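In this document, chain identifiers A, B and C correspond to the written order of the chains, with residue numbering beginning at 1 in each.
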Amino acid sequence: MSAADLSAATVEAVPRAKPNTGMKRSRVVPGFRLSLGVTLLYAALIICLPLATLILVGARLGPAEYWAVVSSPRAIASYKLTLGAAALATVFNAVYGFGLAWVLVRYDFPGRRLLDAIVDLPFALPTAVAGIALTAIFASNGWFGAPLSVLGIKVAYTPIGIALAMAFTSLPFVVRTLQPVLEELDGEIEEAARTLGAGNVTVFFRVVLPILVPALLAGVSLAFARSLGEFGAVIFIAGNQPYQTEITALLAFIRIEEYDYPAAAAIATVMLGTAFVLLVVTNALQAYARRHELTP
Amino acid sequence: MSAAGLPRGASSGWSRHVLLGSVLLVTAIVIGAPVLAVFVQALSQGLGYALASLAHPDTRAAILLSVTVALVVVPINTLFGIAAAWSIAKFRFPGRKLLLAIVELPFSVSPIVAGISYLFVYGGQGLFGPFLEAHDLKIMFALPGIILATTFVTAPFVARELLPLMQLQGNSDEEVAATLGANGWQTFFRVTLPNIRWGLLYGVVLCNARVLGEFGAVSIVSGNIRGETNTLPLHVELLYHDYNAAGAFAAAAVLTVVALVTLLVKTLLERVSGQAGARRGH
Amino acid sequence: MRRLPFVTAAVLFALAAGPAHAEAPGSILNASYDVARELFVAVNEAYGAKYNKETGKTLEIKQSHAGSSKQARSILEGLEADVVTFNQATDIQVLADKGFVAADWTAKFPDNASPFYSLPVFLVRAGNPKGIKDWNDLVRDDVKLVFPNPKTSGNARYTYLAATAYAKEAFGGDEAKANDFVKKFLSNVAVFDTGGRAATTTFVERELGDVLITFETETLGIRKEFGADKFDIVVPSVSLLADFPVAVVDKVADKRGSKEIATDYLNFLYSPEGQTILAEFGNRVRDKAVAEKFAASFQPVRLVTVEEEFGGWPAVNKKYFGSDGLLDQQLAGQ
């Protein structure tokens, strides 16, 4: 998901979110049939048809066997790993992304614009490139991997490496959702709180953070969703060992390579279902963030 | 939006420096180092070697294939994005929210799931497999399969860029144009397009970057035929496992340059559209 | 822009119809196993020259490399390979069962349709710092192994079966002890890549693990590529004969009219010139004269076969590699 739509959606759409009310059934605007027709045709052929087929293939298994596949120990291990690594990546991004957004909005320093541009790099860089680059750096003979391995810390081919790759690819979500809200939040409220005698720490936790929480949650849930599905960046740096460092996407991929199509379909439907649930949650959070943004 | 450089009296001193310093440090480690590593590794055998490996017929074929895919997919998804944003932003109809969710779905679906799904539709054992085979149509492990899978993965980019813009602008301009007797296309090209052009361009640029970089979905539907169905990201993986790390990173460097150019264009667009927005809005 | 629907339709049609006939008859596709990349570059070059000399025409030989089983799957799904050169008979058998390859494919070429063979051996870091000599050293706590996933890689299946064969002998047929041995062996694996070449990269470039277990030909290739001073080859007391079978994919070749070329291409592998190239890349070959010439490159080793040790591939697949087979159980128990 691109960053700008988030900023646009969360901020700019808000102040004037009303105009929608004025277009009830206003078919003065042309192109309804054509645009909807194209959209529906495309959505049906490109998006719905393959996903429906996937569900169909998964459903052919029958409930008992479906359950056996998706709850096999190896699948469970992969869910745990994927969820755990994605959670770790998301926590990292919540902290780091918060700091990054804060610095970008609040501080003026040389190179700020450059830093602002760089934040989107993970969106623009192919995931496979990110994967081999991170692996090269964090392998035990890499720039960072070598000193870390002296300390006994292994990153590449461990769950930490997986989390790192996920953090890389999903970082912009957090920053780009927080940034516009931070920009809206000018210093006045904080000044006011301070004149009332609140200290810096109190101001941050009692005034600033509560306002940012909805946007932070929205960004975090986007980052989490993206991390769960990440493949290209992860497979290079993961050890790909069943039960240890095998993410769910890889397990589905391996089932395909083993000709085990029903099993691949079953695991893929679990991922699809998770993605859909997260999408709903994210949209709800974004709507919540939007509502709460204008209160001051 | 608040002006940059408000007086930030309270956050002065050491806390400011610590925060700024640690953010810059982490950024250097997490984002800067990988990019640098790509170029360092690409040049590890010398510039001549890197250029030679880029000139290899298989690498050239991979670049050409990726460009071909982009030339097909980006226009398709641009048209779709405009249509989807137009219908969803400008009209109310039953199922609108569902349609929006469907359009956004490819963002959160893993590329692997996308690839597997396409395999089930067009593969030899798939839904249309027998039909395609009977008519000698090849989709899987050939260009059409790669294009379809990439189209799916990058479907929402332009739409998501345009939706908030179109919603923000409302319908009044178009309504005025329609009352003044403009036909649909005139309204679109003369009234709507000037309003959304920067957002559109921005979506197209991002979409293009993702099309060129798609890996997971394509790795399932490509047959790994060197010089024929290997896109550039797949070729990076292939070379990486070919005892040819330098060659792999040289190919990766090409993609990294594309990414950096994308960021540059994006930043410029933001600046231009920001100014345009400021002029328009206030 | 009223043409929009037509443009869309035209694009969709172009997508569907695209490269159905893109391949000129002057080309064939060889779908092969993962670590044969460099080998077939050399073979294709030699055969291309020979073909050109004999016919005056040029032939483009395309290569596709991945795990052997993955390749078989791709062909079933529509990858139009004229010939397959795999590292495992079962992967061709799958194609035969589905009618892609003649049912009697093993009789179509000499030596059970396998012009060359290899065996899993160990590659260790220079000087063999962990003192690895045989399979029983690989279950020590201080030894980390690298080999690909037996589910996707024929290469790894040989490794797994060779370890099992060793354990069966070592424990005098005590299944439970042998099972524990293999379990420990698997738990020492640091990384399971999906193909043999990815495992090589992990071991060589990323310096992970103490022992890489892969085909002898790959270990010789690694030493050639990265320097003989960096790695040592350890040949265990017993290993498994890995036949590298070949076949023409009739279904594709008939359709494309490439059967004659495809057959000739595979026969070339049996010719002295072809066998020499195979041997140069560290494969053990059938041709007596060529084998003699390269005898010094290959250490003597006792080889068992899948047939005599395990009763053939169908039995092996059922017992070990199927869903919830022994391999799954051994992995799960970790």
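We adopt the following convention: a contact is a pair of C-beta atoms (placed from the backbone, for glycine too) under 8 Å apart; a residue touches a chain by one contact, two chains touch by 3 or more.
Quick caveat: nothing in here was measured; it's all calculated off a predicted structure.
> Starting from the defined contact criterion, work out which chains touch chain A and chain C both, please.
B
> Could you see whether B-C or A-B has the larger number of C-beta contact pairs?
When the contacts at B-C and A-B are counted, A-B has more.
> Could you work out which chain's C-alpha centre is the most distant one from the centre of chain B?
Max centre-to-centre separation from chain B belongs to C.
> What whole-Å value do you get for the distance between chain A and chain C if each is reduced to the mean of its CA atoms?
Chain A and chain C have C-alpha centres separated by 38 Å.
> Go ahead and note the Å separation of the Cα centroids belonging to chain B and chain C.
36
> Per the centroid of Cα atoms for each chain, what is the distance between chain A and chain B, given in Å?
The separation of the two C-alpha centroids amounts to 16 Å.
> Quick check: what residues of chain C touch more than one other chain, meaning two or more?
Answer for chain C, listing residues that touch two or more other chains: 4, 8, 76, 205.
> Where does chain B touch two or more other chains at once, residue-wise?
79, 119, 125-126, 148, 240, 245
> Give the residues of chain A touching no fewer than two other chains, as numbers and ranges.
34, 38, 253, 256
> Show which residues of chain C lie in contact with chain B when the two form their complex.
Residues 1-2, 4, 8, 11, 15-22, 29, 34, 37-38, 62-66, 74, 76-80, 195, 197-198, 200-201, 204-205, 222, 225-226 of chain C touch chain B in their complex.
> Can you check the complex and tell me which residues of chain A touch chain C?
34, 38, 41, 73-74, 135, 139-141, 156-157, 239-246, 253-254, 256-260, 263
> In the complex formed with chain C, which residues of chain B make contact?
Interface residues on chain B, with respect to chain C: 72, 75-76, 79, 119, 123-126, 129, 132-133, 136-144, 147-148, 185, 223-228, 240-243, 245.
> Where on chain B is chain A touching in the complex?
1-2, 4-8, 10-11, 15-16, 19-20, 22-24, 26-27, 29-35, 37-38, 41, 79-80, 82-84, 86-88, 90-93, 99, 101-114, 116-121, 125-127, 148, 151-152, 155-157, 160-161, 163-165, 167-172, 174-175, 178-179, 183-184, 187-188, 199, 202-203, 206, 209-210, 212-216, 219-220, 232-234, 236-237, 240, 245, 248-249, 252, 255-256, 258-260, 262-264, 266-267, 270
> Would you mind writing out the residues of chain C in touch with chain A in their complex?
4-5, 8, 67, 69-70, 73, 76, 94, 149, 151-152, 189-194, 202, 205-208, 323, 328, 331-332, 334
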